[in-house]
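Note that chain A is present in both complexes that follow, paired respectively with chain B and with chain C.
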Partner chain A sequence: MTVRTPVFLLVWLVISAAVFAGSLALGNDYIFFAGYVVLQYVVLGTAWNILGGYCGYVNFGSAAFFALGAYSSVAIYKLITENDFYRMPIPVLMLIGGLVSGVVGFGMGYLTLRLRGAFFAIATLALAVVLQTLVVNWDFVGGSRGAYIIRPEQIEPIGNYIRYLFLLMMVLAVAGITIARLIEHSRLGYGFASIRDDELAAEAAGVPTLRLKLIATTISGALMGMAGAPFPYYIGYLQPSSTFGLDYAVNSIAMPLIGGTTSWVGPLIGALLLGSLQQIATVTISSAVNLLIVGCLLVIFVIIAPNGIVGLVHTYLQRKPEDFVGRRRVEAEMPGRVP
Partner chain B sequence: MSMAEGASMASTAANSAAARALLQVDNVGKRFGGFVALENISLSVPAGERLGLIGPNGSGKSTLVNCICGTLRNEQGTVHFAGQKLDGLQAHQRTHLGLARSFQLPRPFVSLTLADNIRIPLLYTVARRRGSHHTAHEIEERCAKLLNEVGLGEKARRLPRDLTQVEMRKLELARAMAAEPKLLIADEAMAGLTHSEIEDILSLLVRLNEQGVTIILIEHIMSAVMSFSRRLVVLVSGRKIADGRPEEVMRDPEVERAYLGQ
Partner chain C sequence: MGGKSAHYYPRRPAKAQSFLAKTKALLHTPGGLSGCLMIFSLDLLINAVVSGILIGGFYAAVTSGVSLSFGILDIVNIAHPAFIILGSYIAYIVNANLGIDPILTSIAVMPAFYVLGSGIYQVYYVSFEKRGQESLRGLAFFFGLLFITEVTLVLYFGVDYRYVEASYIGAAWHFAMLDIPFRILVPCLVSLLLIAALQIFLTRTFVGRAIMAVAQDQLALRLMAVDPIKIKRIAFGISIATASLAGAFLIIIQPVEPSVGREYIGRIFAICVLGGMGSLPGTVIAAMLLGIVESLTSTFYGPSWAPAVSFGFLLLTLAVRPAGLLGR
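So, the complex of A and B:
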């Protein structure tokens, strides 16, 4: 059950390498194009879950953190690449995007974490609107017209540039789930869980709740920003209305909820499932169906499996035998009293 | 004696007492809008004391606890604990200093097993205080030992939703005990329990007191308060109206009138 972190990391790196090799073998670069989006959602879902699932603070502003990462890449592109023809390596852009979003996450946390429940959610939504307004009116990064990023066709020795972006996003996804798992099994994870369950009792038990929540908003924001940083290079033309789009906010909430919010597995499963479904629907039906799929699945899951797929599996695997034993004991003591 | 003289005498006495007392509450006042919840409460609790705090519903008992523990901020007065001024410290910092409380209505961490409920104060208070971390194994042992003490050892891997009300209150106490406090405030830990259950919790508290933990017991059940307390404090409408040996306090006509009815 408890695999050591280096082993965990190694296993996932091997799986990633296998997936990458498999995709290469298929010989169709569209796989990378679609897979990139799915992996991006793995990161976004995992990042959202660190604050939303572990601490219980629902963030509706995922798109804002994602867009911050994307726009910091655009700003650097405009600032350096267009003038000096020096191309900042994408991993560096990811670090910068993560830094910017992490700082904003910290700031947002500091301003809003005294709010609870719906009020916090509304505040994060407000943050997204404010940031979008800022970007729309900031001419340097393209304003409402959007910004063009010219990416190289090829990169040595991988080939098509999209493969490189896919690979980077895969590494980030592995890093994301490793961080999430590390948190879960650490002192920090227990602290987060106590905040989610009862903040007053957590304080009384000695948990510095504000500090922990700030750590959560910072990590969560930074991961979202890192996921956003390569996006301009992926899409080629970045537009505020789509970068701050509802899709990102809704998907990064829906995926952990459908997968299950209490462990790192949930967002991973949710993102792989929902992300792939959306990609398939985009090709076979229309990209407009995407949010419809999310909506329907969310309704179904809220009704039949409020704890997500992980919760569902957990119920069937672990609780069942225990409950059964309990039931039998009660039945023996008080015949006919068990409903 | 004028009010000012009384206050200055009280504060002189308080200053000298603060050196000895574990908990020193001086002239604490708390308002909610126009409603005065606490008015000039002063209280000195020496180490090792078994103090009963009683009063009718709405008399300010829980508000006082909340002001002492940092859940609420008192507008007036000061609280000293173990020689340190608590004003401005957050609740978790006060817990780190050795002040623990159980809640009137149990507030378990519902998604964590009982063992993990106990683990939180061990990880965040005890580990920090000693300046060194327990090994994972030591923490497991501590969790098991504490749950055994309150008779919940067999349910260590269960979730709080599987517990009865009584067990929930025992978990609440065990979690407060896990922080290894110098002062434990048990806020109505026995409401709604049967006689034997009350006995269980009382003997647990007495044992804890014998190990050197100072205890403040807030309770409505008079038999429990009378058998436990060495000293009794009575709050009525946010004011302290009596403080002394339990039998004497109960004979006090003002207490009889205000608390027990005429």
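So, the complex of A and C:
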């Protein structure tokens, strides 16, 4: 807990480099295709958790923010690349996607966060439907037919383009985790936690709740947009009904809730576990069944393990032998008092 | 999913296509934005308004369940549309195999839906409400239910559109320049009956009044020797039971596939909020308003724009008058 942020960042960059080198050594590019999706979910889960886990506000519109990022890339591609043959670098696209989604997140938050929390959740759910309607009717980005993005085969000096995308997503994932951890240990994070625990009390104690919530929606939305921006280049063919699909929404909720929502570790664990599981299940069983698995795991975890895997590990670690003895002694002295 | 412009006038035998539907098909050029034909004619307008009111009656039935659960009990049941789709599929299965009228089927399975609803509330209460975690985990729970229902239906029935057969589907009532298809009129009338019955139940019976009271003061209710949890369980059961009927209406009005329910989430909550949380008369008025505006939008701008209307309604209501039209 006491690791300073630069050290934390460095450690993760080293781990990333090791993972990348390891994947290269395996010599199979499918690893990068599958790994990209898992990393994308790490970003989505972390982004969702900044608002959902830290502030306690549920966002069902992850797919909408993600798709906004993806479609802003498509729009730029159609606008610039197809005419001038100038390819905007993907990091720039990520920034633009993040900006667009961040602005939309801010707007949504401003309209709904002044009211009870449930309205925000419902509005985000509806946002996905409406943005999808807009994109379906917007011929410039392909409408319901979808849009093709031609990605270059190679990029210097990394080689295959998918490796480049994988690397970018890895950097974004590390950035996301670092931001989440920074928030967690800052004034901002304590403010968020106070909103989650008791918004009324926080407000009464002078916490500027609306401003904090708006910061959270903006950061969370922007990260999701950034995760979406390189997606058209990954998939090659972008189509509204799959980009706005419910599976992004359910995954980005399920991963933090299964991993644990109170710290940055939770979404990371959840995304790595669930994401890899899904990649394996998609290859071995079918893609519809793996979504069913996610849905069932989500329901089971919220009922049985409200604090996720992190919570389970935490309680397990705290169950030390002397603690047990202590509990028994208290139980013996005051029967029925210890739950 | 989104792109298919299957709205109120989807694939049907030619005789079933009313004049309005043909005009809509003519007006709807693929590509929305470029194809906004602003043709204004009186009978188009009147037909659009009338069909909007009728569709609104159906929306009221769809929303009445959420008015109970979200409006009165404060349970954000976003899985409600999934239960409606479940009702549609039950009506479809019975209709396809036995040829029984979908509305009769749905009334027959209402008790089963009631039991299902009570069961779900029990799980919800024990796992979330009791622990005070309903805001985050309770929502995720219902979202998971929505997702599981949808994926299970997809796995069993695929994503094909399903529809039912009944004597009144296809017939229409022509009156001056009006065309009223019975497959919208019948659900609208039955739905208004349902809402009237619910309203009488809520205001005239002891249990109904207790349901209204549980929203206001649980402690006072307990002092009257009524168990609030039991009352909530009954209310949630009723709320899910209405989904059975709404599901039958839905499949009478339009062909159904598992993800259709998602389009209704925005509508349902927009109507619920606009009507004033938990007010059934408000729900009817709001539903008809939304129906009219949606019908006008799809007549004059093309049906692919209609889903955006409800969201506009929702945001406008939240921004201007969060208490709704007939808010308590």
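In the analysis below, the second predicted complex is superposed on the first by the 318 of 339 C-alpha atoms of A that agree within 3 Å, B and C clash if a C-alpha of one lies under 4 Å from a C-alpha of the other, contacts with A are read in each partner's own complex, and residues count from 1 in each chain.
Throughout what follows, contacts are C-beta pairs under 8 Å (C-beta built on N, C-alpha and C of every residue); 3 or more make two chains touch, one makes a residue touch a chain.
Keep in mind it's a predicted model, so treat the numbers as computed, not measured.
Using the contact criterion defined above for the overlaid structures, shared-chain residue A:134 touches chain C, although it does not reach chain B. Look at A:298: by the touch rule set out above, it reaches chain C but stays clear of chain B. Legend: residue contacts after superposition of the two complexes on their common chain; A:88 is shown touching neither chain B nor chain C.
By the touch criterion defined above, A:209 lies against chain B but remains apart from chain C after alignment on the C-alpha atoms of chain A.
Of the two partner chains placed around the shared chain by superposition, chain C is the only one that A:306 touches, whereas chain B remains out of contact. By the touch criterion defined above, A:52 reaches chain C but does not reach chain B. Contact with neither chain B nor chain C is seen for A:13 once the two complexes are overlaid on the shared chain.
Ranking chain B and chain C by residues of chain A touched puts C first. Contacts of chain A with chain B, set against its contacts with chain C after fitting on chain A, share not one residue. Chain C makes touch with chain A in their complex at residues 1-3, 31-34, 70, 76, 78, 123, 127-128, 131, 133, 135-137, 139-141, 143-145, 147-148, 150-152, 154-155, 259, 262-263, 265-266, 269-270, 273, 302, 304-305, 307-308, 310-312, 314-315, 318-319, 322. Chain B meets chain A in the complex at residues 69-71, 90-93, 95-96, 100-101, 103, 107-112, 116, 119-121, 123-125, 127-128, 175-176, 178-179. Considering their complex, residues 52, 56, 58, 60, 111-112, 115, 117-119, 121-123, 125-127, 129-130, 132-134, 136-139, 143-144, 240-241, 244-246, 249-250, 253-254, 257, 261, 288-289, 291-292, 294-296, 298-299, 302-303, 306 of chain A touch chain C. Only residues 187, 190-191, 193-194, 196-198, 200-210, 262 of chain A touch chain B when the two sit together in their complex.
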